[in-house]
Amino acid sequence: MILTGSEITRRVQSGEIVISPFREENVNPNSYNFTLSSTLRVYEEGEIDVRKEKETKTIEIGEGGYVLQPRRLYLASTTEIIGSHHFVPSYAARSSVARLGMFINLSAPFGDIGFVGNWTLQLLAINQIRVYAGMTVGQMMFWKVRGEIELYNGKYQGAKGPIASQIFKDFAVLQHER
Amino acid sequence: MILTGSEITRRVQSGEIVISPFREENVNPNSYNFTLSSTLRVYEEGEIDVRKEKETKTIEIGEGGYVLQPRRLYLASTTEIIGSHHFVPSYAARSSVARLGMFINLSAPFGDIGFVGNWTLQLLAINQIRVYAGMTVGQMMFWKVRGEIELYNGKYQGAKGPIASQIFKDFAVLQHER
Amino acid sequence: MILTGSEITRRVQSGEIVISPFREENVNPNSYNFTLSSTLRVYEEGEIDVRKEKETKTIEIGEGGYVLQPRRLYLASTTEIIGSHHFVPSYAARSSVARLGMFINLSAPFGDIGFVGNWTLQLLAINQIRVYAGMTVGQMMFWKVRGEIELYNGKYQGAKGPIASQIFKDFAVLQHER
């Protein structure tokens, strides 16, 4: 079961869901509109080997906004701290954003129960699109669970701002196990 | 909880879900196959500023189909009117379509409870793909909700055909609020 | 309702969910990490007509991995056999994979209740990414259903390895019906 907007509001008030800051006007019928923070992160040119760490550089979105170049990946983040120890969160682009030709995640819409922090978004534009910090780009949804809950305790816990992939760390473990 | 195909059929019969026209043979184990209408809409070249309205032009898919060019965004729509005042709808590409190298939405699979209309799809092809009006391109799913329902009453309500992004309208409001 | 990780484990033990091979360490708070098999499949160059079968060729990922070229579609598959007669499966890229600039499906995350086999993934990289067979690329989730269950009995049932789109077969049927 997916929570309705009024149920999301109720659970934020009871503390079972964290959305901070929380604004009533961002509540939709079955989701909550979150906003784009001002920091973007991009990988340096060249091949990325999943086993090796790859450098990134930072871009700040100024007052006049920032034009995303087509077919380039920008890691971004939510302004809000979002998460829950009781419900599984998932998120999507607002349809108004998708209709412009922009992804906000690359087939990775789900979070882990227990994660609380800024969410790292993957912005990918098909067209040249000028975006602004603070604009509502996506919607967070919350799902009831069945079964015993073990909270997330992974490497992205408590994230602040956009966090590049830490997959190289996992890979070391995987290799060791094989 | 996600509705099974037989439950979708039952709820269409009871009027709790709208799928019109509805064809029995389009019911899957846990979704309903919808079809592509004949009208496409594309943005004019150049930068899109989320704060400004952007012109679009219309393309009609003829009898011989239409070849989607790679990495170009085409707004399309379902032939069917789809929605519900009781369940949250979400949709996906048929796996047979995705395997050809085609998205039908850009990280934006969810609708709002209360929306009823044609759904605007975002077609994005990786390969050159010839599509036809009336082909089944995607699958609609329906989710039970938890909490009090407030129905969608937004700017895409009752949509007919593909509707370009109305995000510039929101932005004016956001700006005012800040 | 979405199953928690411990519930997924319990249902695998009871046989209600198939994940084979199953490794405890791949269980997440609300999903299961699956791995990439060594075979990729790509379409030959040129237009794809949804009404016609399109040839593919096979690529094997060697010991040193394989570099995915940007904006090219690679069909891949899970190493694991995955499915359920009781729950609806859906899958996503690991966030660590999406953050590198890689999709593992093109707006098609859902399976049908009753499908059991290797899952065909759609790999699409924004950057040049070196991947390895056996790496954990995605996460499978399981959803409770509402309504009577009719099991999937379609053309991808029991799939082994990556299966190219069989949409041309459907189309013949659709045409006939019209």
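Which chain is which? They are A, B and C, in the order written, and residues in each are numbered from 1.
As a convention for this text, a contact is a pair of C-beta atoms (placed from the backbone, for glycine too) under 8 Å apart; a residue touches a chain by one contact, two chains touch by 3 or more.
Predicted model only: the values in this text are computed from it and were never measured.
Looking at chain A and chain C, the chains that touch each of them are B. By the residue-number overlap criterion, the interface of chain A with chain B counts as different, with under half of its numbers used by both chains.
For the pair chain A and chain B, the distance between mean C-alpha positions equals 23 Å. Of all residues in chain B, those that touch two or more other chains are 1, 71, 105-107, 109, 144. By the touch criterion stated above, chain C contacts chain B in their complex at residues 1, 43, 46-51, 54, 71-73, 75, 88, 105-110, 112-114, 120, 122, 124, 143-152, 156, 163-167, 170-171, 174, 177-178. Contact residues of chain B toward chain C in the complex are 1-8, 10, 25, 28-31, 65, 67, 70-71, 92-107, 109, 126-132, 134-136, 139, 141, 144.
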